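Given below, in the form of structure tokens, are the structures.
Each of the next two complexes has chain A plus one other chain: chain B in the first, chain C in the second.
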Partner chain A sequence: MALKYVSEYRDSQLAKVLIESIKEKIEALHSSGSIKAKKRLRLMEVCGTHTMSIFRHGIRSVLPHTIELLSGPGCPVCVTAQKDIDAFIELSKQDNVILTTFGDLMKVPGTFSSLQKEKADGRDIRVVYSVFDAVEIAAANQGVTCNCNQANSANKTNQAKEVVFCGVGFETTTPTVAASILMASERGIDNFSIHSAHKLTPPALAALMETPATQIDGFILPGHVSVITGVDGYKDVFDKYKVPSVIAGFEPLDILKAILMLVTQQISGLPALENGYERAVSQFGNVKAVQIMNQVFEPADSVWRGIGHIPESGMRLRDSYKSFDALKKFNLELKDTPEPVGCACGQILMGLKTPEQCMMYGKKCTPAHPVGPCMVSSEGSCAAYYRYKGL
Partner chain B sequence: MDKNRILLDHGSGGKIAHSLLKEMILPLFNNDMLSRLDDGAIINIGTGTRIAFSTDSYVVDPIFFPGGNIGELAINGTVNDIAMCGGDPKYISAALILEEGFSTDDLKIILNSMAEAAKKAGVFVVTGDTKVVPKGKADKIFINTSGLGVIPKGVNLSGSNAKAGDKVIISGTIADHGITILSSRENLKFDSDIKSDTAPLNQMVKRILNQSLIDKRVIEQSPTDKCPTDSSNSASNFNYRVHVLRDPTRGGVGTTLNEIASQSNVRINIWEDALPIKDSVRGMCELLGFDPLYLANEGKLLAVVSPESTNRVLEAIRQDEYGKDAAIIGEVVGIENSDKPLERSGVFLKTSIGGFRIVDMLTGEQLPRIC
Partner chain C sequence: MCLAVPSKVIEIKNSVAVVDVDGVRRDASLMLLDDVKLGDYVIVHAGFAISKIDEDAAHQTIQDMRDMLKFADNNIMTLDNVNPTVTDPNPDANY
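The block that comes next holds the complex of A and B.
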């Protein structure tokens, strides 16, 4: 596979044009008195990948100071509830289990430990880049029984192992996890299971709008999620709250363009749901992926770290796929656990505080010694702020 | 984070690795030669002769990868560490730790590669050791190499020598080794032209030192030049215009530049558009979410050079077989001259869209066992 770099979306001349247009429009907004008492335009990038890209390309440093970019609740690791982290840790301690996970989860502190520490203590915890790798590990560890045909089991080890996958992520990830379950089901791989802490994006946007203190003037909507949900995925939320919303890609020009579109909406006074990422996102999204996701999972109430309980914002396995539910398989229960005292991750994820306003930021909580999940994930706003010193 | 056990992060070359060094190792062993924290120690053995002495262990996984294997990596890595101290590497030791059951065919391939790499670099393996541990107590093969090389008179290279006005040169494309190891790992298969850049850099360093010495003679004839000589150097007949040489291995260019900025207490500005990165490597980094600034190189060096010698040193590097893609990627700025909010030492990147950001030292592992 040849990979061509997307330099055209980082073109300095085009960037200049966009930055100048944003500056002109912001000045126009000021002179018309449209930016009210608070004097700042608060735009939230919902997705952690946007947060990273904004820092990585120094986008804040080229914008007018009156545009405030807030990092939203779109970093999957950051919003995973502590009780789910504890459940992953508990699963890794079960006999004969290989726990498979995306790398970002390794360092997230649970109540007493983290997957990284459990691994140092000898648990079999493996980082995978795709859930399908976890299925293959399961296939290779199905074990051989006395009655088994040896010839068909050449690549199987003698000792059967249970392979558990940590299901974390939004609409971008959940369909692939659903597909992995269908695949395991078809191939009769019954030593594979997941614990689902999957989340849905639109209910989180609604929760943000139901909290008036957030004062969000516009959403930069996540490009990856929108590839699956399409523009239509946000229609209900937009119709209800009428907040300017633009779907954006992840290259610097994509983000600058989305900001320009949001500023333009402010000037016109006509909030709209717009697609600024036409090269990837369609009106209806990936219908097949959504169908697979809904075949295996169903919406359920879910706890978001720091934010709390949001109705119908999670995805749980449907009854017909309950045999893939790791907690059921090992007879474990989710236990409610208190979150670390003093951690402001919740308020940060809702745009109510910046990382610097958390009393632990940079002191007790650093990337080397994280307290809250926003400091752990490379996409977490605290980690991004820390790494780039808020620039 | 739990401080009672060693995590993979402690071997990353990043911040956590540095804290292990500073909290547990330096207090026990500290001396003038160790505390410089350069790629190797510089030892004065009397009669004005100085030698560079360096050691490194190689645990790369997988042991065979596109562009090389653990054997040549082990020779080249130590050759390069000595060369970065200004030493002319000559004598190498090699110790093998083998896992019971390891294939002798694979061992033959690795030993042949070591022999070829030693020949190419012009070094002799003069002592060694072999240990075998029970199956499961090591992973196939680990190699330790140490090496010695005499430092020519007048050469004074250290991460603490960077001065305001100096330019920063990289000798070629970055991140090749790190992304190669990542993509050759089990479960991550890509067809791509990328391969490790493992190579001996001692000939390139000779070219650089020769060029900067010629510079001194040329510049001496010009009465207008008032550049101060290296204060720590008594041999006033020599004045090399190269202040720092480092090979950005583990932790990549970002981490190595941070070490230099911290050791020299300066700010280093680099330009994103100037960084030489292969398209395939850049694409893979985008895909997997890695920052090429933090990925390892095994055949590249960073040179911090006086501005008046920069172009000639760049030309000298480009004439070397491993330096064709060399480029000037940044400059050293004194801290007192900086504008807010940048009044601190560190590394800053001017992005291609005209913004800027901090390039911090890596906190933990971005990629385990890359060398």
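The block that comes next holds the complex of A and C.
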């Protein structure tokens, strides 16, 4: 069965027209001298799902060689700082805890261990599809005293367990975690907590623009982050840096269309913030999701792997929801820990290096034995390179 | 984590929708999205519906690309001195 709103966006005939049009425009740019002979047009996709889609559909291979696609800091697991990974591992070791997480985090190496190793050592760590499931696990482990009179079950007590969720992800994920906290709060589920390593996208774009070496000529903006933020979410960053920016969907035609729009902006010399994913993204975004996110969380400074400290780029629980803060609950503190020596994840996330330029790529570091998170997550650049380039 | 494929809403019960993608069904919370109706296509992220597909915009995007295709075909055919009347076989074939 053809999938609705999918197969139309994979039409090879239409793809050809877009590719031809991109080629023509790039040639025009070169012959007009607006791009110097050897200079490449550096376009960065800021979403792990785009990275995967670009590889899966072989988009790099059909573009003129003067267009360079860079994978930016858009893979949630990859941007998570080492100290947050260590905090998740520490939380899993607490007495009576069930740690719940998205699957991608399991293999990420912390300083001394990983969640996968801890699970093998007998810790109760469960992979969930949605934070929703984590709340239900908490509800089922609240510990009830049963006063029923049946002979065998009289006065039985199920011991309560603390359920902790590892909060990673961008604007798309944070509202789901906020909604789960509201739900737990309403239902009086007090054995549920999270550690928030959530991140905001626009401050990361600003940080990239503040790093001159990145030389970014255009952003392919993340489709599903934009579903939440709307076009307006990028307005401040765009107004400040005036770098061509187009919101893109995830099918091949969506990505080609966004690239064509970015190249067209180069030709006109007029950078713009445009929406190439109108079927899912509106000007204002998902107002309800933003409101729920802002009810529970507030922006705070945050550390990104390899990039470092970015002001107001993370989301922490507001004071009124601090009872859901796992670190507070277990009296733990975040400790600064160094990132794995030799891992170039940080430079890769900023478009300064490609995975093949990392000394460990394919040697010490493989998906089976990852050194850094970019080789772990299916959305990570190193994992995508390894999988689709066969080394 | 993010399901890029739109899912069709086939059942709604107490703020939870049952959605279908090519025969695979799962639950999606409607806590983050208002006004969802049966038959709508939604984007689901980690168990939550986060956006409704704007069907008019979806059709328009494809139509715009088809217009580009027609234009490209026309140009090629004119250059080759072939009869330039190009008819789109069935613009709505995919819907």
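In this text, the second predicted complex is superposed on the first by the 369 of 391 C-alpha atoms of A that agree within 3 Å, B and C clash if a C-alpha of one lies under 4 Å from a C-alpha of the other, contacts with A are read in each partner's own complex, and residues count from 1 in each chain.
As a convention for this text, a residue touches a chain if its C-beta (ideal position, glycine included) is under 8 Å from a C-beta of that chain, and two chains touch if they have at least 3 such contacts.
Computed from a prediction, not measured in an experiment: that's the story for all the values here.
Undergrad: For A:19, select first, second, both or neither according to whether it touches chain B, chain C, the two together, or no partner.
TA: first
Undergrad: Should A:316 be classified as contacting the first partner (chain B), the second (chain C), both, or neither?
TA: neither
Undergrad: For A:107, select first, second, both or neither according to whether it touches chain B, chain C, the two together, or no partner.
TA: first
Undergrad: With the two complexes superposed on chain A, say which partner A:199 touches: chain B (first), chain C (second), both, or neither.
TA: A:199 sits against neither chain B nor chain C.
Undergrad: Let me test your reading of the model: by the given contact rule, A:129 touches which partner, first (chain B), second (chain C), both or neither?
TA: Both partners.
Undergrad: Of the two partner chains, chain B (first) and chain C (second), which one does A:58 touch, if any: first, second, both, or neither?
TA: first
Undergrad: Have a look at where A:76 lands relative to chain B and chain C in the superposition and call it first, second, both or neither.
TA: In the superposition, A:76 touches chain C alone.
Undergrad: For A:280, select first, second, both or neither according to whether it touches chain B, chain C, the two together, or no partner.
TA: A:280 contacts chain C only, not chain B.
Undergrad: Does chain B (first) or chain C (second) touch A:289, or do both, or does neither?
TA: second
Undergrad: Using the superposition on A, tell me which residues of chain A are in contact with chain B and, in the other complex, with chain C.
TA: 1-6, 11, 129-130, 133, 253
Undergrad: Using the touch definition from the top, list the residues of chain A that touch chain C in their complex.
TA: These residues of chain A touch chain C: 1-9, 11, 13-14, 17-18, 20-21, 49, 53, 76, 102, 104, 129-133, 169, 172-173, 175-176, 179, 182-183, 223-224, 227-228, 249-251, 253, 257, 278-282, 286, 288-289, 292, 379.
Undergrad: Of all residues in chain C, which touch chain A in the complex?
TA: Interface residues on chain C, with respect to chain A: 1-2, 4-6, 8, 21-23, 29, 31-34, 41, 43, 45-48, 50-51, 53-55, 57-58, 60-62, 65-66, 68-69, 72, 94-95.
Undergrad: For chain A, which residues count as touching chain B in their complex?
TA: Residues 1-6, 10-12, 15-16, 19, 55-62, 107, 116-117, 120-121, 128-130, 133, 136, 252-253, 256, 366-370, 378, 386-389, 391 of chain A touch chain B in their complex.
Undergrad: Could you pull out which chain B residues touch chain A in their complex?
TA: Going through chain B, the ones touching chain A are 1-2, 5-9, 15-16, 19, 187-188, 190-192, 273, 279-280, 282-284, 286-289, 291, 341, 349-358, 360, 363-364.
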